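In the two assemblies presented below, subunit A is common to both, partnered first by subunit B and then by subunit C.
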Partner chain A sequence: MSAIHAYARARACASGSATPVATVRHVHLSERPLVFVPLTLAGEANAPLAAMVGTDPDRPALLVVPQPRNRDLRFGFAAELADILLPYVDSFAVAAGEATDGAERPDGPLSEDAPQVLVPNPGGVEFARLFGRSTRFRRTQGEYAVKPSVPLLGRWLTFFAECAEHPGSSMMLAATDALTLHWATGQSAVEDANLAVLMGWLAPPPGTTGAQAARLAGKNPAKYPPAGPATDPRFDKDKLVPAIAAYDNAVAAPDTSDSADSAALRRSAISQLESVLRELLEPTWKLMWQAIALLRGLPGGASVAGRWESDRARFAGFHEYLAEGGPPQARRDGAVAAARRLNRLEQAQAALEAERAFDDPLVMADHRISGEAFAGTVVAVDRDRRIRNGSGKGRLVTRPLVTVRTEDPVGLADGTKVIATARRRQDCYIHAVDRQGDHVLVTVEARSGMGRNSTPAPGSVPKEGDTLCYSSVLADRVRSLNLPDVSATPWTHGGPPTPYEPNTDDAGEAWE
Partner chain B sequence: MNTPQPEEHVPPAVQSERVTRAILDDLRRGIHRGVIVDSPPGAGKSTLVVHTAAVIVAAGEPLMIVAQTNEQVDDLTERLARRLADELPHARVGRLSSARYLPPPRIARLPNVIVDDDINALCDLEVTVSTAAKWGYVREGSWPWAIIDEAYQMRSDALLAIASRFQRALFVGDPGQIDPFSTVRNDRWHGLIWNPMHSAVAVLRRNNPDLPVHRLPVSWRLPHTAQRVVSAAFYPYTGFRTSTGPEDRELHLRKHTDGDGPADEVLDKAAATGWGLLQLPARHTPRTDSEAVQAVANVTRRLVERGAIARSGDEERLVTPERIAVGAAHRDQVAAIKKAIGGRADKIVVDTANRLQGREYDITVVLHPLSGRRDATEFHLEAGRLCVLASRHRQACIMVARAGIRDLLDAHPSNEPVHLDEPVKFVDGWAANQTVMAHLEANRVSV
Partner chain C sequence: MQDQTEARLRRIRGLVPPKRHDARTVAALTSNPGCARRAVLDAAGVDKERLARQVGFPSSFGQSPFAIVRGNVFEKRVTEDECVELLQLLREDLGIDLPVVSYADLSSTDRTGDTSTDRADEMLRARYAGSRSRLFQAIVDARGGGASLFMHPLLRMPVGGRPVYLEPDLVAVQRGGSLQVIEIKSFPVIDGQADGAKAAAAAIQAAVYVLALRRMLGRPELVSDDVVLVCPKDFSNTPVATRVDVRRQILVLEHQLARLTSIDQLLETLPAELTFRMADRRDGAVAESVIKLTEALGHLPARYVPGCLSVCDMAFFCRQEAVGCTAALGVGVREQLGGVETVAEALGLADGTVAPTEHQTEAATTLRTIVRAYTSALDLSGKPRRRRGAE
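Entry: the complex of A and B
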């Protein structure tokens, strides 16, 4: 935990109300997100029990699996979910790789906007990942056939879950993660993972403090049920087990009686289950929209739009891939794919860290405390300094020096690259750090962003009295690896793998 | 702990020579595409690399050498160039660098070293040395031989990026050092034999289980006083011996006239036994615990003020500030310690465990990674971090810590999730910490 976070938590604990740890919103929020609250059955690996899903706060769809151990019903649930998720995804138009003026776009297909799936907590993301895993390889013909929409749903769920791994992507967000990115509470991280308790801190009912509301929510799982995917054991015992048993009885009832009767019996059992589960899901559903409203109340950070644009490109690319009949995502990454992905994730992580700090002084404060950034007033400028490039042998270049007086604990070595928040296009390097008792004089050398002339363009060099914040936490800290083609995987990593071909075994997997 | 007993009756030089010969034989025979050499701290890893390189160059085979940091590359370049200057005056060493690299004087003045940022300018040379990162950008060409130094510090994806460049390779490294890390957390590759977060050697061995593995048996750096505890804590299954016996190294501190505080007391203890623990009262503190930082600074300052004479065999020398290192886990701690030591810090090396890897000093002063902590995270428990901090010294190591580390360990047993098909880490950080603390407590001075 960073110093700022620890301090914010301590303050929240002392005051009883949540403390902001961000001044702007660091995630994108769609105008039309799809909220998805899944529940699973305890004791079964990723067996869906129910889900509340939809884009309209007032009209959620409730999907229920009356007997979660029944695989046919499970994939029936998948088909129902597909009937909601696929039209939602398809409602975001993807244009072919051409701009309006007809010129070829080298960057691939485009979409105006992209879908966004919001789940209550990281468990929801994990559910999507596993459910995607269990549906994307299904066959639509022959033995164990499922509806054609089911494997397609699996590919999309997998896509969303992979996006959730990608630092800075807002395509699939867990509400608890998004909220704790912006506010600190006076409770532990484990408690923060409970949406009801967390929302107690962030949006307490009038007349109560956050701490009181959170305590109330934590103590009463009947009124504030866990946001899933796991359910409360007492609920399982008292309500769920009898309701499922009633359904089982209705199905098992001998067919000798009037068939209309047995159908009615089954319907009533299902509607009983539905009402039990609706009651369980509705509080979380409401909390999800409250959380969205809370986050919408923050102004978006400057770099959020850029990251959402990458999300849109990812979405459009995957949309096109599926339209061209691309096979399901591989079960596991090969050696080269794994290294590529890790490299991509690390680059995204570095970029996100840098952008968040540049967007938000409260995030930058973390780096200032750790000595990786500093803020202060310019006390001296050598604007017209010119030196010879390349260890004193090259041509003359303009290299102004800017000295900043700061009280931050600067921990930067000479030669470290820094950029000022207000001057993002100017690469600077630490020239000297002079510690003087209670303050530090840091001199940086500007190396770019001064125009082409021998003297810096007007305004391109800071002047005395300017207040600046320089940071060394920059996006280019992780460089891209030059990895071989999959077919050239070297012997050190097991040699080239045999290419994946979908086969019938995939579909039969774990059915019975 | 059942530590293998070193063969005390064989002289260390002979024992070491045997292993080196076996390594070269394996390389020459060429049955395997790779040979792995595990080396405990200060066991002559660089000497082996330079020696093997000279043998390959003498045989007329082009060679690429891969190290992990620019400093390591410069060290190897310098040592190899000096050796080749004597043995093979015609051979030249290429130092492949980034465009921004300015060769330090020690490299620039070597006549048989050519520095360039373009591999095409170096590809005719007998041997080319660079960092793994820079080698990753070489897209063409193939060398019959490669030596990969500090291979346990290298992540397997970095090896993947360069493995097409060589036919056969010698992988050298210290398995007890800090594992490579990633800024992202992701469970998706657990159990894969090419997990990109694992070290290059881990992945290499899982994909090629029959590669021969050699172990350098003798630590030339560590004093005899470190043999038992360091090998039991960090090399429990392989062990190693120190080149020197109980009487071969001696640290003599000049008598102090002013004051007789705990800093002096712990220094005396360390001079006598090779280890010292300065224990502050138990307290939970922020990372930059000002009292602990001050204590580290005091010990260091007293050490310089009193002046120490280090004897090794018949050779005696004054322990100058540049032969003293101060280590800590985090950069902010390093910054705080530097500030607390003040003016003398210029010559004394104060750095994080990560950056002290592979270095050697006479005396080290260490802020224990678990001092004052409320929890014991994976980072702070990592065996490699403590191993680096506890194995840089030729004479003595002094640790500064808050009391209560044993209790902290007892309260935080390793609880890392176990994944299918994932090899268990062979040195458990928790156990290693316990072993080291148990040994240190015998040499404790409490404040």
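Entry: the complex of A and C
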């Protein structure tokens, strides 16, 4: 919990309406996102019960598993979901080689745009991860065969769920996470996890405050059902148990001479289930689109496009990998692969934190409170200062000093690298911190971004009276690790892992 | 003294059989040990679920019938034929030394449904005595090379000065005499990983059993620090056994149980006539009862935090009471706001309209820094301070 977020919560609590904790949008929002609201059957290991899915707010597809304990019906659900998700993914064409602007792009294929899957909450991401896990290894021939689209769906779902873990990726977003990144409510994070309650705060109906709308939504799970994947136990007991039992009875009914009758019975049981589940899913479906509209109302942060470009590259890379017949993702990473992935995630996290702060003064405010950044007015400049490089023995270099007067609680040690929000190309280092009662005089030494001449280029050094904000929260905080090759995994980490080969055990895995 | 406490608690409970603690509620105590309201209600055995419903804040716990069915099916599968499949898992996968095993099901045999206090108490005491002597005997036998497996033995442990009965799924006595707690859970372990929250809850519950066993035997070294969780593997119904080290949970439990204010001390501060006797629906006195019950709850200071929502039946009532407290927004929020008790106070200190008390000066400085950073950030971005209701 950041200080700004805590304060914003307090203000929201006092005023009864949500308070912003961001001034720009920090996530990318696609023009054409795929909204996916999955439900599972309680007690089972990620057994799908139903889902509402689609790109058109007015025409969602409803998928239902009439008996979630039936393995074949589960794979039927997977195939139906694949029929929606795969064409959606494929609609984002991937061009190999170069980017549209003609610039050289050595990093491989790029797509003009990429798919974006939006789920209600982190539970939705977890559903995708587990559903991907339970389908990506399946075989399409022989024993336990499933439709060819099923394992492909599994690979894509796994890919999306992995992206969701990647800081800064917008390929798969949980609505509650995306919303609370931008607004604070007057309730706790525990309560924010309920999309209906959260949206009560963020978009209350006319005439009610956020607090009132949230309380109403929290009190009435029948009208504002949980956004899944788990269903309300009372709903299970009162509506789902009888509806599924009716289906079971219809299926088990003796196949009398009049088979049209039993088929009709089954159809009516299914349509009854569909109507029960549609009623349950529809409120969340609507909230999802409301949430999207809310987020679209914010201007995009400056660095959002850059991060989406990484997403596009990731998407194109995986698309190509699948096109070349790449095997399904392994059950677990080997030691080196896991360490690499962790390092990548940490770097992405550091880069994201830095970028968000540079994009958004409200995010930067947090670093100012924690002492990692400071803002103030330039009170003195030694523009033409030149010193000898190295330990005083090298050639003369230009090293201007800039002194900023700030009231922020600066907590930076001499020698810490800082960069000003308005001067991103100039690396500076803390030269001196002079505490003076109610304010602090911070002197920074500029080391780059001043041109090649012996005197700094015009405008390349701040002037007295400038207002600046320097931050030490920078993207290069986490270094790349020097990790061994996979084939050189040390014995302490189990030695080189045997390469993953899809096997029949995985393909025939029980799912009961 | 004990009798006096007993009588007092009976009065508080109000002439109905007590709701008993179980491993879940003991584990829950450790998550918010400073809450006197829950401590007293639990010690007296008040039916909190019913109480919460009567005062108009029904809890929303409850298990789906689907989950119950699946849990039962799995437990039956693991324990059928005297746990033959489980024993194989324990021997082969975990290397637990259980050669020929004497198996005993010590589950309750009471099918009468009699819940009158005295009789139920008597039954529990008898079952506990039986379990205890069987376990001691098994330890002696184990020295001679035997091994035993007990299903649902009954253990007892004092909590806040009152005995609480606990029933682990299984306790194995290995050759040599060391004991192993085994719990059957129906959440899946997929590729060696289980849901973090569920695994954590299972670990702390199992730690309650380890602690109870240790205290009952008086020989802590005999009971393993590891517990065995038996869960469905991947997406199947096949059991997989996993060792979980619960040393940390045991430390936490011991610490929290020791600092649980003993019930006697809590009772001393309460009015003598305090009772949570609930009106029967039929006697038409419900409305009056609600006022009285709410008033009675007012005598018991609660310590609400959002975490209560997932563990305590009274949470919605306490949350309503705690509106405007910083802790109700999250423990982290309260810390960030300098530990100040209420939102109004925090905002007042932040904008300078409330003068800080002596021990609030530091908090006030922090809060003023926050408010300055917040407003200057909004000025920088040229945004209005207050968001309008979004469309």
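The rule is short, and it goes like this: the second predicted complex is superposed on the first by the 501 of 512 C-alpha atoms of A that agree within 3 Å, B and C clash if a C-alpha of one lies under 4 Å from a C-alpha of the other, contacts with A are read in each partner's own complex, and residues count from 1 in each chain.
The working rule: contacts are C-beta pairs under 8 Å (C-beta built on N, C-alpha and C of every residue); 3 or more make two chains touch, one makes a residue touch a chain.
For clarity, every value in this text was computed on a predicted model and none was experimentally measured.
By the touch criterion stated above, A:A3 is placed in contact with subunit B and with subunit C alike. Once the two complexes are overlaid on the shared chain, A:R331 sits against subunit C while remaining clear of subunit B.
In the superposed pair of complexes, A:E80 makes contact with neither subunit B nor subunit C.
Touched residues of subunit A, counted separately for subunit B and subunit C, are more numerous for C.
Contacts of A:A45 after superposition on the shared chain: subunit C is touched, whereas subunit B is not. Of the two partner chains, subunit B is the only one touched by A:V478; subunit C is not. Of the two partner chains placed around the shared chain by superposition, subunit B and subunit C are both touched by A:P409. Contacts of A:A18 after superposition: subunit C is touched, whereas subunit B is not reached. Look at A:A365: by the touch rule set out above, it reaches subunit C but stays clear of subunit B. Touch criterion met: A:A189 reaches subunit C, while subunit B stays clear of it. When the two complexes are superposed on chain A, the residues of subunit A that touch both subunit B and subunit C are 3, 332, 409.
Per the touch definition, subunit B reaches subunit A in the complex via residues 33-34, 102, 133, 136-137, 139, 156-161, 163-164, 182-184, 186, 188-189, 192-197, 200, 203-204, 207-208, 286, 331-332, 335, 339. Taken in their complex, subunit A has these residues touching subunit B: 3, 165, 167, 332-336, 338-339, 341-343, 345-346, 349-350, 370-371, 391, 409, 411, 435, 478-479, 481-484, 488-494. Taken together, the subunit C residues at the contact with subunit A in this complex read 60, 62-71, 186, 188, 190-192, 232, 234-238, 306-307, 309-310, 323-324, 326, 328-330, 332-333, 335-337, 343-344, 346-347, 350, 366-367, 369-374, 376-378, 380-381, 383, 386-387, 389-391. The part of subunit A that touches subunit C in the complex is made up of residues 1-11, 13-15, 17-20, 23-24, 41-46, 130, 133-134, 183, 186-191, 202-204, 206, 210, 221, 231-234, 236-237, 240-241, 293-294, 297, 331-332, 360-362, 364-366, 368-369, 375, 407-409, 509-512.
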